[in-house]
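Across the two complexes that follow, subunit A remains constant while its partner is subunit B and subsequently subunit C.
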Partner chain A sequence: MRILLLLTLIISFNSIAEIRVPVRCEESVAQISTTNLIFFNSTEVIKVGECVGVELVKRGVMEALPKACDEVVEHKNNLLGALSLSKKEALQIGQCMGVINYVYDRYNDEKYNTSRYDSYYSKYKSYVYQCVTGMTAVKKLASTTYSLSSRSKIRDVLCEAELGTY
Partner chain B sequence: MSKKTETGSINDYARIFLRLEDKTLPIKLHNALNSIFTKDRDNSNKATKAFRQQVVTEIKALHNNHYEILIGKSNAIYNALCLIATVGVGPTKKIFQYRFQPPKKGSISVLLQQTQEQALIFFCLGVDTKNMAEIGRRLESDSFDLFTERLPSPFGSDRNDKYNLAPMLAFFEHQIPWQDYMNAYQAAKASYAAEDVKTAISQLEELEQKALLPLPVVTSFKKTITAKQADAEEAYCYLQSLLNYK
Partner chain C sequence: MEASQPVSDDEYSSETPTTTFANKDQVEPEITSEPKNTIKPEFIPSEIEFLNRHRGKLRLCDPKGVYEFRHIQQTWLQSSLQLVTMLVSIACMVSLYYLYYQGSKEIMAGVGEVSNLIWVDAFEMFMIVGIIVMTIKRLGKQAKQHPQKRYRLAMLANSFNRMWFNYFRLLLVVLILLIAANIIKYPEVALINFDYFEEGAVADLANAIFTLIVIFICFRAFRFCGKELTA
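And then the complex of A and B:
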């Protein structure tokens, strides 16, 4: 189980190009019943969590996110974590990972739009976003205390504008 | 000179081991013990005679021929009861014979495999597989003395008393529709496999109520399902709360 979870984590974080969360998974997720959840295995529940996480980040609703990512950290620290993984925790883990993957997918290597607060000089350089993934990203989100009320706020937590190489 | 014997008869000891106190030994068990230790059959072979001589001696009296247990050998009766519950009468006799004629390799593990009747005992009385493994291990070990030492009880229900055989009485004492219980249990399992959790739980509850004695397997299966259900319900509430953020 633990290996399975780690594998899921690794695969989800690394093969970002392959992973495409359904455009609108919300409808199908709303149909999920308690009975479905009994018979879903952890991997499936994590997938559901990913889908919901992405839907929420698109709408800028992230109240539950730091707590969800906290769950990932806890399970990483707990040796028996995956063995005692409850379905709710699996949802939270999926939710956190879904958001991180989405942000990476959406912003990494994307051009940074200079704002009017940036220095005159920087406007003539090309900046791109570099986003963190994996446990670094998880920990950043878990320790976020201010409210993540929009997509750009979460982007600012996970990504930094760096001088482009081109 | 006659050999020294214990004061109690085979039945007396069986009643002690089964915690029967004043009650009589169920006739099925009485017959089983007799066929292992006393009843002479034409096919009683050398090994049978040999192991019987280790345990009992026949006292010939004018109108009252009877058997007495040799001193220090009462645990053989305990082991016989334990094996009757776990493998049945015939195999029990064989296991005793093996002390005097070397078994073919692997015979003991073959004997320990369940017959249909044993499967019912296992199912209804909650035989602990760990204890069964320990019984198998001891039977196959050369250092274990089947006549003076005791096998662990196969029943896991009493943690303070490793040698409590009393649960087996339920199987030999009453007329209990085991097969009905088994069928009801399997129906509940089938409902669960078909993802009909509600029906599965109500089937198990119904079985618990109509059963004349506690069925550990049924209770633990019900516990497993209800725990899974509670886990899923918690997740469901969380999921709904996420979907309701608008």
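And then the complex of A and C:
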């Protein structure tokens, strides 16, 4: 009897397992959740995707970023345009573009922290990150096969350390 | 029979005068055998049998036949079979679309449930429902003057069955093509990977073409519903 009660409790509380909406994006997610189809509000949905993507990357729980960036390439090559753009695809496009812009803002021209695996000589030179944006960044992310969950992993793909000019 | 014989004789002589002149003995039996062929085709017993066979035939996915033999009363057995098959085919189509609608919902991290539906799908649904409703309305208007009682049921059942039959065939063809393409693309993988065919610009275009074919099938199946029944 007690096991049955426990089982029913566990089954009835299975909503805990869902990943919660980030607090910063709650309002905008609630705004777009009324309809399944999108047409005129596609930019709005893409903005929501950007917000959600940045929040997920900050927490290091980003899933399937290469797939999301595939969607950007697909939308660019599509003949039907907005007619074949679903809400999920728009959100994925927003996630990819948002993450790329966030990484660019965060790391471009920032100082490169030398790790202890670098050569002794390089520690006495100042290195800065040079990041890519736009379609080159999208293609770079789309072609990666391993998981890109955290900010630093995405940075390693998009940015390169170069000798600073100052 | 008497009127047709001299006409054919004249035609024969005017067209090929040299052959008749050369061997007249061989021409004679041909002329005598000709009157048998000039019996009107409506009175040939095999054709009458053919017509009778088609009058009492059970029609399940043949709206054209129902329309052409619209003066024939459907028997109770035929009507009940048509009703059952119509319900089955409607249930199949509705459940297929319901499953598609349910499968389009996906859970996305950070957003919750998002749908994968696009405007092409909505257009397909809108067109199919619109065609069916319009034709049912027109059929109701036409059937008011028609004496046959169960004609409306027979016509609707045949149209729905025809649509489901063609749709099912189209699905089978698409499935076979997908499996073949899958085997060619990934020969070493045993499982069929449909994810590849759902993503990409080509898949979206193929989806739109599939939608157009489905709308065409629906239009073709319900084409005889709104035709005039006066004659």
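As a convention for this text, the second predicted complex is superposed on the first by the 126 of 166 C-alpha atoms of A that agree within 3 Å, B and C clash if a C-alpha of one lies under 4 Å from a C-alpha of the other, contacts with A are read in each partner's own complex, and residues count from 1 in each chain.
The rule is short, and it goes like this: a residue touches a chain if its C-beta (ideal position, glycine included) is under 8 Å from a C-beta of that chain, and two chains touch if they have at least 3 such contacts.
A quick note: this is a predicted structure, and the numbers were derived from the prediction, not measured.
Q: Touching A:T34, do we find subunit B (first), subunit C (second), both, or neither?
A: first
Q: Quick one: name whichever of subunit B and subunit C touches more residues of subunit A.
A: C
Q: For A:C159, select first, second, both or neither according to whether it touches subunit B, subunit C, the two together, or no partner.
A: Neither subunit B nor subunit C is touched by A:C159.
Q: Identify the partner contact of A:V99: answer first if only subunit B is touched, second if only subunit C is, both if each is, neither if none is.
A: Touch status of A:V99: no partner.
Q: Who does A:V52 touch here: subunit B (first), subunit C (second), both, or neither?
A: Both subunit B and subunit C are touched by A:V52.
Q: Give one of first, second, both or neither to describe whether A:K88 is in contact with subunit B, with subunit C, with both, or with none.
A: Touch partners of A:K88: subunit B and subunit C.
Q: Output check: A:N77 vs subunit B and subunit C. Expected answer is one of first, second, both, neither. What do you get?
A: second
Q: Under the stated touch criterion, which partner chain does A:E63 make contact with: subunit B (first), subunit C (second), both, or neither?
A: Once the two structures are laid over each other on A, A:E63 reaches both partners.
Q: Using the superposition on chain A as set up above, list the residues of subunit A that contact both subunit B and subunit C.
A: Residues 29, 33, 37, 39, 48, 52, 56, 61, 63, 86-88, 91, which sit in both footprints.
Q: What residues on subunit B touch subunit A, complex-wise?
A: 195, 197, 228-229, 231-236, 238-239, 241-243, 245-246
Q: Note which residues of subunit A are touching subunit B in the complex, please.
A: Contact set of subunit A toward subunit B: 26, 29-30, 32-35, 37-39, 45, 48, 52, 56, 59, 61, 63-64, 86-88, 90-92, 95.
Q: Can you list the residues on subunit C that touch subunit A in the complex?
A: The contact residues of subunit C facing subunit A are 104, 106-112, 114-120, 122, 199-201, 204-205, 207-208.
Q: Give every residue of subunit A touching subunit C within the complex, in rising order.
A: Touch residues, subunit A against subunit C: 18-19, 21-22, 25, 29, 33, 36-37, 39, 48-49, 52-53, 55-56, 61-63, 67, 70-71, 74, 77-80, 82-89, 91.
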